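In what comes next, chain A is part of two complexes: it sits with chain B in the first one and with chain C in the second one.
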Partner chain A sequence: MKVEERPPPPQPEPAAEAVAGRIGLAEQARQLGMRLLAPAVSLVVSALVGALVILVVQRSFKDLSAVASSMWNYGLLNRSSFAFIFGRATPFIFAGLAVAIGFKAGLFNIGVEGQYAIGALVAAVVGAKVSAPTALEVPLVILAGMAGGLAWALIPALLKVYRGAHEVISTIMMNYVANGLLLYLLSGPLKDKHQVGAIAQQRTVEVHDTAGIGSMVPFFNSIGFNFRASSPVTWLFLLALVSAALYAFVVRRTRFGFELRVLGTNPRAAEPAGIRTNSMMLKAMLLSGAVAGLAGLQDVLGFDGFMKLDYVRFYGFTAIAIALIGRNTGLGIVAGALLFSYLDRASSGIGLNTDVPKEVTLIMQGVIILTIVVAYELVRRAAARRQLKEAHERA
Partner chain B sequence: MARPDEAHAGAEAGPPERAGSEPDGAQPLAIECRGVTRRYAGVLANDQVDFKVAHGEVHALVGENGAGKSTLMKMVYGLEQPDEGEILVRGQPERIDSPRKAIALRIGMVHQHFMLVEAFTVAENVVLGAEPKRGGLLDQDEANREVAELARGFGTKLDPEARVETLAVGQQQRVEILKLLYRGADILILDEPTAVLVPQEVEELFDNIRKLKEQGKTIIFIAHSLEEVLAVADRITVLRDGKAIGTVTAAETTEEEVAEMMVGRPVLLERVHGQTPSGDPELQVEGLRMLDGGREALAGVKLDVRRSEIYGLAGVEGNGQAELVEALVGLRHPDAGSIRLGGRDITREHVRQRRELGLSYIPEDRHARAMVLPMTLWENSVLGQHERPPFSWRGLLNPKAMRARATDLVRAFRVKAPSIAVPAYALSGGNQQKLVLAREFASGPKLLIAAYPTRGLDIGATEFVWKQLVSARDAGLAVLLISANLEEILALSDRVGVIYDGRITAELDGSKATMNELGLYMTGARSDREPAA
Partner chain C sequence: MPEIVGQLIGFAVIASAIRSFVPLFLATIGGVFNERSGIVNIGIDGMMIFGTWFGAWGALRFGPVAGLLIAMLAGTLVALIHAIATVTFRVDHIVSGVAINILALGVPRFLSIVAFGQGTQSPAVEQLPHFSVPKLGEMSPVVPLTLVLGVAAWYVLNRTVFGLRMRSSGENPRAAESLGVRVVAMRYAGVLISGAFAGLAGAYISVELVGQYNEGMNQGRGFIALAALILGNWSVVGAALASLLFGWTEALTVFLRVSWIDNAFIQSLPYIATLVVLALFFRRVRPPKAVGQAYEAGAPI
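Right after this comes the complex of A and B.
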């Protein structure tokens, strides 16, 4: 039976534009405004709370202005500020995307921390063992990092799908296992025993030069920036941006993304719709792990050239906040990553230039996370109310 | 909060002098709403509503979804305040600004969704908040005794020490009523009390209502099913589009009259059988068995549904319907037996394959199973068909085709929606169901499994769904209709099967079967088939 064969409805039809779901430019602008409202409110509130804390602790307006100018001048206007921000944002973006992929499927991947650590270790080992031309070796080590992250997500994924073990518990446990494994491997079997110098570090053998990921500074300087040559930004930043764009595309425009969203929003509706829920959950968790594996590569392949024992970066936990702030959208995660990266940068500035404890930026980060949840919920309710009202009026 | 002892005194104070009699204005009314108006964001939910309930009567409040019944009752119970107009309780104008105030006025309300503590016993739930105490501790024995007495008083057997989670829905509802009685309520508002009950439980509820009426209680109940309303109510008030259309005496009206008042035009809900179906079987089920936690939920089901046929499956809920549907759709695998669709064995196939072979499914719970409420209408419009061209091709979605499909569905089924870009939760229940129906028909199905397709829908939407099912049947579709509503089963089915204790115990000609006959099979009092070996 075909729907098209039905007689046309006798009722007056709603405006074709409304039915087709097209919306005017003014409406689009309004919706964008609504979307930016929550983060904006949250930023303002966190700035105010930060200011208040400084006033309470330091009891001086001078310190407040020193912090503000440091956040502005050192954080943004300094010659290499943006190189630092981009570089620091790179792992944040990868880790944020990893968390978001899980969220989309309704999974809470807390194991990004362990996944990128294992990813980085595997990449470091492969980069040291295999020697090939750069064009081959760089993709190889990147894939190795992804494979490491994926492998570390495999156990929680299988436990979840076949045994119903909650991924929050199993991924947290895997973080501890990863930590223990690293301690053992870096101080034992994988320790570089031919180190030159007085103090032998607990670290892996250095990777081949061909496995190193190049600095992006020359590129940025060629397009008008003036970063110091040693500024920490690598081509992985570009890969992070491309990944975010790819993520946005997959979620919105592919069947996989559609099924992921259905599964994450209403798993009980996914089954009767013919979605293979177990297989989707498995894929989502593994993809999340693989992307997480990219988060640790910059430190190993871009900066140090080896994996070392004091390698704990907490990207995985920051990433949860970033995915939250970015509402699991590609663009939002990039923005959130840049924001957190900027606050880190500003924090060093505060430490260097003022007497105020630099932890004030941590307070700001915390306040952002707290207020943004509330702000998003308020905006969501306002939008839902408006939609219901419109539905009533038109119906 | 009234103390229990006062509460009982209150309950005994009003002897049922006027029970069952017609109001004549001599005695103050139990509840009177005068010109009550309530707006939500510019929409008139109640528009100058006059509503009078006499002492000791059973008064039904009926109307389609969104007619304003719940809004009116929420105002009487103090959950909302009128923008205009006044509410009189026992002749006195009252400002009921909270449920607390309503309870003080001895008005109680049972909501559709029960508010019980599942892990507590019946007695604990009933006395919660007004506990009898001894030495500062809950006097368990006293609570049990009082609650048992209260339950006897309105003709129900309820073990005060039973834990609420072990009770059937009908019994839980009685616990809710007991809670109100314990607090001394003598005006009871029941919000669609029958929506959650099976036919037998409805009968028991009605017995309880009659008992309460004998005790002089005033009962207002919100209802959908007109048959029920006529069976138990003294008078019926109809709301439509927020306005009170009129009040009629149950003994002097007909189902048709009330239906017309509700919808605003004559409604046809009559038997619409086709010719005796002669088509080949589209669905063949043999010896289907399924264990559910050690219990045999399906104990050898055999049934077939032919082309151009509506096969109605009647039964008291919990006799294997849910498991059968899950097995047919592919959500759960049976432990034995076979399912054939169009001659092909699909017993082990995944839902996706079954859908590709022409299975369509209208789930019992549309919010949980049929839609993704936060997603847009156009995304929901292709759910289950999203993997087929033109909606996706080589793994890429085609939003343009999806939107076009959604626009078609919305037009063809007259779904009231502001736009196809709104999330599904912006639609009313009836319109959501229309969209689900439209979507499932649009996949070009050979077999449609419709589980309780009109549950929770108002009479207008029900009529629409019925017509669609019949026209699909006439176009050659095989329809398996599962319903707890015997009216629906008898109105639509060409053949009726009865499921009892995991077996099909009877198969009847739909045009000849009667309610009584079905009732006998449904309760297991009669069976045509030996239990399968």
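Right after this comes the complex of A and C.
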């Protein structure tokens, strides 16, 4: 990957630079405001719809305030709330990045769901079969997970490039085929046949301890948090943050990222500009699958220690929402992942402390997704109108 | 090998294929309408899911006929969201469709808890009186209704002014508008009709096929319908043939038992068939020319 060459910035007069600097700052603040406007509107609308649903279903304001207080107290202020939020956000970030890589290239990877399931399975098998020192084994199982996700993205990628088959349908079909494959493997060839206990689960052999990914709680507690030791957050959270930063760098600062964006924004201009579109499409889809393969690792290597048949988490579908909310930027995806993770935490709080069905947060998530796409479109149009007006004024 | 022949084209398989054909064909007809009007509707699957829920709920509260009608209404309302997003706000069609599918994962769960007291299924519901066909056994009245609707859809789309206007909106909206066609209205109509068909397809599954609502019972049939739409080259007749093929593969998952293929793979047959169809036919078909493109009424060219 070669870093793009950028021309040296022009050197303006000192006075002009100062003026430009001031305008630039105001302009930057305004642009940031515009960017945050859509998510803010979407959050407010979803909170209002959530409140309305609670009022319609429960017909009481008391329930509404109980929900609000448990969303606040249990969701955020509880001792281990943030550990839960970080841990839950980990797969969301990986899956969101996978979707975003596809989006950047103009591809809809709806197959993240199947890709991370296969990735988790491959990682679990490798972790159980291979025994090596942790420093070797952990990178190995992580790579195994990525390889599994990549393999599952390969068929839709090839179908897209060589047969023109629309990836939305083919990746969804691959999700169902993944279910079939998991059913076959976990109830037959890969099933752990030496389980102790009354009911044998349909799951793989447990991985070696050296393949396990450690808890991040001691680290957080050493920097001033006070999480319970059993809180579900692993070092994969750090890897997720690093991945998001790496993604942002690659998309914005490298030749590969540039070609990805050209392919996504103007595919017809890509070929004349010397971008081999087929090869780029293939690479984007495979990279997306490989990153998707990371999303299932925390459950398998951090928590359970094996892959089981009833492993269906719907990270892949949430990830689409997260990529949309985050506008396919690294920072945006982390923020979106934390938001949806928080809503899951708040949902448990609602279930524990109130009479309202905790699934009310699912409705809120749905509303966020629908309103955010409309809100972004409206903000984009408003910005375009403003630019047009300014251009007229200057002329 | 008479046994395998029976497992492939025996009467029981044919009957099962017809039952599976119905929701696929209904959903695909809906897809023909929205795509010919120029709007991509990836949200068909979500609209079907809403149909399965509202069909069961309506049948439980007011009887099976009302269940089917309520499901059609629910499908139409969900489609209205898609139409507002894509036609009026010109949001990317696939993004909006995906959003609707995600909505369909969560909202029925919430509704089930409120209406049925548990998240994943409804009590058994009353069905329409089924009739008996020689050799094929019991059939739902929705089966002949589907055939009637198929003929009606073909007629409306190909033999009426409304259908011509709708198709022209998806082929060349600019030219259509210059001839006085209200493209925006046509596209709204296409998406809403699609939602109604998807809702009915969903209700058929929950009320007539199974007799209750179960979470996840739609099993991605909306996406298989999208593949049938492509295989059927965006025509009603093609949709019928393609749905028959996919309906048959679905029936095979029940009846086909081969010693050297694990049953788990046979269960995946409809999805593998869809992949094969996409791989073989995607390049040979011709979608409506302007499908998926945003259109702004009265905008300068």
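Definition applied: the second predicted complex is superposed on the first by the 371 of 395 C-alpha atoms of A that agree within 3 Å, B and C clash if a C-alpha of one lies under 4 Å from a C-alpha of the other, contacts with A are read in each partner's own complex, and residues count from 1 in each chain.
Everything that follows uses one rule, which is that a contact is a pair of C-beta atoms (placed from the backbone, for glycine too) under 8 Å apart; a residue touches a chain by one contact, two chains touch by 3 or more.
Only a predicted model underlies this, so the values are computations on that prediction, with no experimental measurement involved.
Colleague: Mind working out whether A:Ile363 is in touch with chain B, chain C, both or neither, as first, second, both or neither?
Modeller: So A:Ile363 only meets chain C here.
Colleague: Just chain B (first), just chain C (second), both, or neither: which does A:Arg79 touch?
Modeller: neither
Colleague: One more residue to check, A:Arg253. First (chain B), second (chain C), both or neither?
Modeller: first
Colleague: I'd like to know which partner A:Arg228 touches here: chain B for first, chain C for second, both or neither.
Modeller: Neither partner.
Colleague: Does chain B (first) or chain C (second) touch A:Ile169, or do both, or does neither?
Modeller: Second partner only, chain C.
Colleague: For A:Gly274, using the defined touch cut-off, is the partner it touches chain B, chain C, both, or neither? Pick first, second, both or neither.
Modeller: first
Colleague: Touching chain B in one complex and chain C in the other: list those residues of chain A.
Modeller: Correct list for chain A: none, the interfaces share no residue.
Colleague: Which residues, counting only chain C, touch chain A once they are in their complex?
Modeller: Chain C reaches chain A through residues 42, 81, 85, 89-92, 94-96, 98-103, 105-107, 109-110, 113-114, 119, 219-220, 223, 226-227, 230, 262, 264-265, 267-268, 270-272, 274-275, 278-280, 282-283.
Colleague: Residues of chain A touching chain C in their complex?
Modeller: 53, 57, 108, 110, 155, 159, 163-166, 168-170, 172-177, 179-181, 183-184, 187-188, 314, 317-318, 320-321, 324, 357, 359-360, 362-363, 365-366, 369-370, 373-374, 377-378
Colleague: For the complex, give me every residue of chain B touching chain A.
Modeller: Chain B residues touching chain A: 40-43, 329, 331, 350-352, 354-355, 361, 363, 368-379, 383-384, 386-387, 392, 395-397, 399, 403, 406-414, 416-423, 425-428, 438, 441-442, 444-445, 472, 475-477.
Colleague: Which of the residues in chain A come into contact with chain B in the complex?
Modeller: For chain A paired with chain B, touching residues are 1-4, 6, 8-9, 11, 13-14, 18-21, 23, 252-259, 261-262, 265-266, 268-269, 271-276, 384-385, 387-395.
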